[in-house]
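Here you go, one structure.
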Amino acid sequence: MKYIFVGAFCAMAVLSVVAWWWQPSQRDDGRLEIVWVSDDNPVRREQIDLFNELYPQYRLRLDPQNSGMEKVIVQCLAGVGPDVFDCYSGFQLASFVRSGIARDCAEDLAARDIDIDAVWPALRPLVVHEGRAYGHPDNAHAPALWYNKRVFDAAGEPYPTGGWTWAEFIEVAKRLTVEDERGRLAQFGLMMGYGDWLDILVAQWGCDIYTPEGTRCTLDSAEAGAAVQFYQDLIYKHGVTPSPVQESAMASAGGWGSGIIALFGADKAAMAIGGRWWLCLLRNPDFGKLPLGAVELPHGPTDRVFGGGRSTLVNAKSKNIEGALTFLEYMHGPAWNNLINRQADALSPVMKYNYTEEFLFNPEHPEEDYNAVWRTAMENSIPRPVSPYVHGQRVDRILAKQADLVRAELKSGAEAMRDAAREINEAIIEMLEIDPVLRERYYEAVAKGAPAAWDRPEDAP
Amino acid sequence: MRSKRTAVITALCFLLPNFLGFCVFTVGPVVFSLTAAFSNWNLMKTVPLQFVGLGNFVKLFTEHEFWLYSINTVYLMMGMPIAIAASLFLAILLGQKLRGIVVYRTLFYLPSFTAGVALLILWKALYNPDFGPINVIIETVLGWLHVSSVDAPTWLSSTKNVLSLGVEKVGLVAGQFGLGARDAIIMMGIWTAAGGGNMLLYLAGISNIPQELYEAASIDGAGKWAQFRHVTWPQLAPTTFFIVIMSFIGGLQGGFEQARVMTMGGPAGTTTTLSYYIYTKAFEEFQIGYASAVAWVLFTVIFVVTLVNWRFGSQYVNE
Amino acid sequence: MSTSRKRSFGEWWFRKGRFGASHVLLVCVAVTTLLPFSWMVLASFKSLDEVQGLSPIPSEWHPENYTDVVNSKDISFKKYYFNSVFIAGWVTLLACFTSSLAAFAFARLEWPGRDHVFKLYLATMMIPGVVVMIPNYTLMVALGLLDSYIGLIVPAAFTAFGTFLLRQFMLTIPRSLDEAATIDGASAWRIYWDVILPLARPGLIVLAIFTFMGNYGSFFWPLVLIKSEHLRTLPIGMLYFDSMYGRQTNLIMAASVMCIVPLIILFIVMQRHLVKGIQLGAVKG
């Protein structure tokens, strides 16, 4: 028996040596490593390779599995964080700053001649917090309407030219919604990206989600309710876009990117609302040289649109600050910006690179004659409203839940928005109760006349 | 003669490695999490650390998410009696002296032994509403019967359930009747557990029943069913008692792996059990204080339920 | 007249019919148990289109699914296997060793407070794992052991269950052996190492098997602790593999088969011990 113990111990000791030897090495090729936490979009490969080419003293490496604001914060605090990480909203930026892991780069950027005002205005909240810059935006995104020329041709419809209202749109979409032999709807007039529709419609109907200071959620307004109801009507009254059941019956797929894109690429819809970044997937030869067109979105009561994007921030506890800042420099320069435009990872963050001939005409993809549409959408976009007084992810969850119920026809648009507003306001109150610093600022704002999140004084935190 | 002091030192030497680890990784954490449950700690330093007294507990009891998830947890335990009955049935089946019975026993134990992420992923593929063999078979059968008004259930993407529970608030909602994610998980759970450890326990229990009892019963004219009711079942009472208690303890803490691997908490939160809720609060939002409070509430529930089972069950066993 | 017919049916049932019915039932249950497994194995050899079709048996066999999984650039399956076995091995070794030492202290040595401390051990066994994992995680964060082998191995090695099980075993070993050894002048360590340990072998085997199995498939702790791809264990690797390649059911099934086969082999080899162990553990508990 005892020999078994001793033998097992020796075996484990040997395995330990193997484990230590099998670890990936930090800098075996003489280059200093920079770790970047981002998503696993296939275009990152080229973005990283280009950086490594331009800056041979560094080796940039992607870590796609640890994104998520809280995870990044905790890992950075525990000393196992990356050197640079992505940020998706102003709320995330604020959280990163408050937890102390986002590095204030204002001076570093100035020292490297990086002018933050050269980026699209809609991207500023992703990088600038209370006047200080903490990183650099990666790309810029605003939605417009894709259409599949093949489907239009098959139905004998003329291509859309823009400048149209939703009512006109619905007429066209109805003509493009077709049943198959089994009587099931096989092709729809329209697909809408899963999360986007709420933002897009709410923006167009004129609602700002929050009051200007962010102190109260205003989704319980008539405009927001009407916007969401319009979406429900698109599914159930006009029948031009699929319900969740119909969508899953069309065999959606997993993997990176929404299943919507795959369905659109498989000719299951004539039109789809999405971003220029869809090209990353749609250029794939699996979709058989899809003849695409793009046009601005139909107009609602207004034609506002929320723009956004992604930014990359520097970990204050990184052991390779120089490398991280070099990465920011890279993102401000022509190599990165032109690459983004070529790859169609939405649009380049620095505005001037979207006004070049190179942007409008890409020799590798001559059929993409619609790039100006995306630029116009970006010009018309405003930053997506965010409230500093509530957890962004929680808001997303609340909205997603209500969106699910609306899509499944379990609630009307107005009801759903009222409930969403109520829950978001409750979340604001909860946040204020937990956080004394925020509470102070909130009361200051309220004292200056901002509407509060509660209706009855006794609910105040 | 060894003095008492030497005895203590000797004991310490033996005990120390395990006891030290036990204190650092079990006792310490228990005390720590009890303290944390009364604070607002969130591990991210975005909010100053404060003692909040019963604040976390008040919050969790007034938030309707906690009650929804508790209902989910209890709902998933509905398969428990079925699984236990199945284990008993299989044990009786395996107790007969037939050829190759050991092969069957090995086979039945297989799902339980290989349980883990790989099996969960397998069942996720089986339940796929379009390509999974389960729905393929259902649709084929429906096709033969020429029934076109009924669709195969969408399983893991459906919030429907056998009790017509609503999604947002606690209560019954018409139109929610059907087979959905929770039912899928229950069925998978029964398949996994029927031939598992409980079956082996029942087998051992059955083999311990003296034959004379059966002989006496049959002399008294009792048929097979009566023999089961009056001999087998009462004799197995202690085993059943143990199994029920362990099942409750396991069931109340369970549902995490299924939720994390198959549904990520389920369509609209319907497969989120209390343990999954604690996981998301603690390891995705890093709300350590709040998550600890929920964990302690769960522990208290388990404790009380076990006590009740013990009291009630002991009486029953001793009759 | 009717009673005699009923009795003869009952007799037929008792003699023959019952066995036939039992056989049928056994076969039915066996088929239900095996169906998912067989689907998994067959699917792992199919091409992607076929997996989504109706036919159970692949028309062409694609064993390259397995090589595709093993050679995949994003998923280092071999590393995950190694990690699972490595971590489970260390935990098992540590657990068996320290638990047997502690069980000896509880079962054989006299010292003040012994029974109270043991009750403490018992009490903690009822606490749900999740209560303890949260503080353990924060401890790992504070110590900087997040995302490390040590962090994965050490906290898992100290459970009260091992001590409890082995103590029960040791209590059944007759004390006369101890006394004989003491008379021969043996110290406590000698008694432990030469007398008790060999006799506690069945218990140790059961503990080893359960600990290894439990840690091989351990999901929660590696899930929260691991950040880097090269440290992933098999369950975590499977999880990420499914989320990245979920569409390719045939590859996923091949990976699942590779995960499960070692368990099946272990099971068939260790069957006797396991069955006995479960029954023993429950009876004594």
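We just call them A, B and C in the order they show up, numbering each chain from 1.
Everything below uses one rule, namely that a contact is a pair of C-beta atoms (placed from the backbone, for glycine too) under 8 Å apart; a residue touches a chain by one contact, two chains touch by 3 or more.
Here the structure is a predicted model, which is why all the values come from computation and not from measurement.
Enquirer: Would you mind checking which chain's C-alpha centre is most distant from the centre of subunit B?
Expert: Checked the centroid distances; the maximum from subunit B is A.
Enquirer: Of the pairs B-C and A-B, which shows more C-beta pairs in contact?
Expert: Counting C-beta pairs in contact for B-C and A-B gives the edge to B-C.
Enquirer: For which chain is the distance between its Cα centroid and the global protein Cα centroid smallest?
Expert: B
Enquirer: Counting in whole Å, what is the centre-to-centre distance of subunit A and subunit C, each centre being its mean C-alpha position?
Expert: Their C-alpha centroids are separated by 42 Å.
Enquirer: Find the geometric centre of each of subunit B and subunit C from their Cα atoms only, then give the gap between the two centres in Å, rounded to an integer.
Expert: Centres of subunit B and subunit C (C-alpha means) sit 17 Å apart.
Enquirer: At what distance in angstrom does the C-alpha mean of subunit B lie from that of subunit A?
Expert: Centre separation, subunit A to subunit B: 38 Å.
Enquirer: Where does subunit C touch two or more other chains at once, residue-wise?
Expert: Where subunit C meets two or more other chains at a single residue, that happens at 97, 141.
Enquirer: Going through subunit B residue by residue, note those that touch at least 2 other chains and give them in order.
Expert: Counting only residues that touch two or more other chains, subunit B contributes 43, 130.
Enquirer: Residue numbers in subunit A touching 2 or more other chains?
Expert: Correct list: 71, 74, 77.
Enquirer: Mind listing the subunit C positions that touch subunit B in their complex?
Expert: 10, 19, 22-23, 25-26, 29-30, 32-34, 36-37, 39-40, 43, 51-52, 54, 97-99, 101-102, 104-106, 109-112, 114, 117, 120-121, 124, 126-139, 141, 154-155, 157-160, 163, 188, 192, 213, 217, 219-220, 223-224, 234-236, 238-239, 242, 249, 252-253, 255-256, 259-260, 263-264, 267-268, 271, 274-275, 278-279, 282-283, 285
Enquirer: Under the definition above, what is the set of subunit A residues touching subunit C in their complex?
Expert: Touching subunit C from subunit A are residues 1-2, 5, 8-9, 11-12, 15-16, 18-19, 22-24, 40, 63, 65-66, 71, 74-75, 77-80, 253-255.
Enquirer: Mind pulling up the subunit B residues that touch subunit C in the complex?
Expert: It comes out as residues 7-8, 10-12, 14-15, 17-19, 21-22, 24-30, 32-33, 36, 43, 90, 93-94, 96, 98, 104-111, 113-119, 121-126, 128, 130-131, 133, 136, 140, 191, 195, 197, 200-201, 203-204, 223, 239, 242, 249, 252-253, 256-257, 260-261, 275, 278-279, 282-283, 288, 291-292, 295-296, 298-299, 302-303, 306.
Enquirer: Hey, which residues of subunit B end up touching subunit A in the complex?
Expert: Touch list, subunit B to subunit A: 40, 43-48, 59, 129-130, 154, 157, 167-168, 267-269, 284-286.
Enquirer: Going by the contact rule set out above, which residues of subunit C touch subunit A in the complex?
Expert: Subunit C reaches subunit A through residues 79, 82-83, 85-86, 89-90, 93, 96-97, 140-142, 144, 146-147, 149, 193-194, 197-198, 201, 204, 227-230, 240, 243-247.
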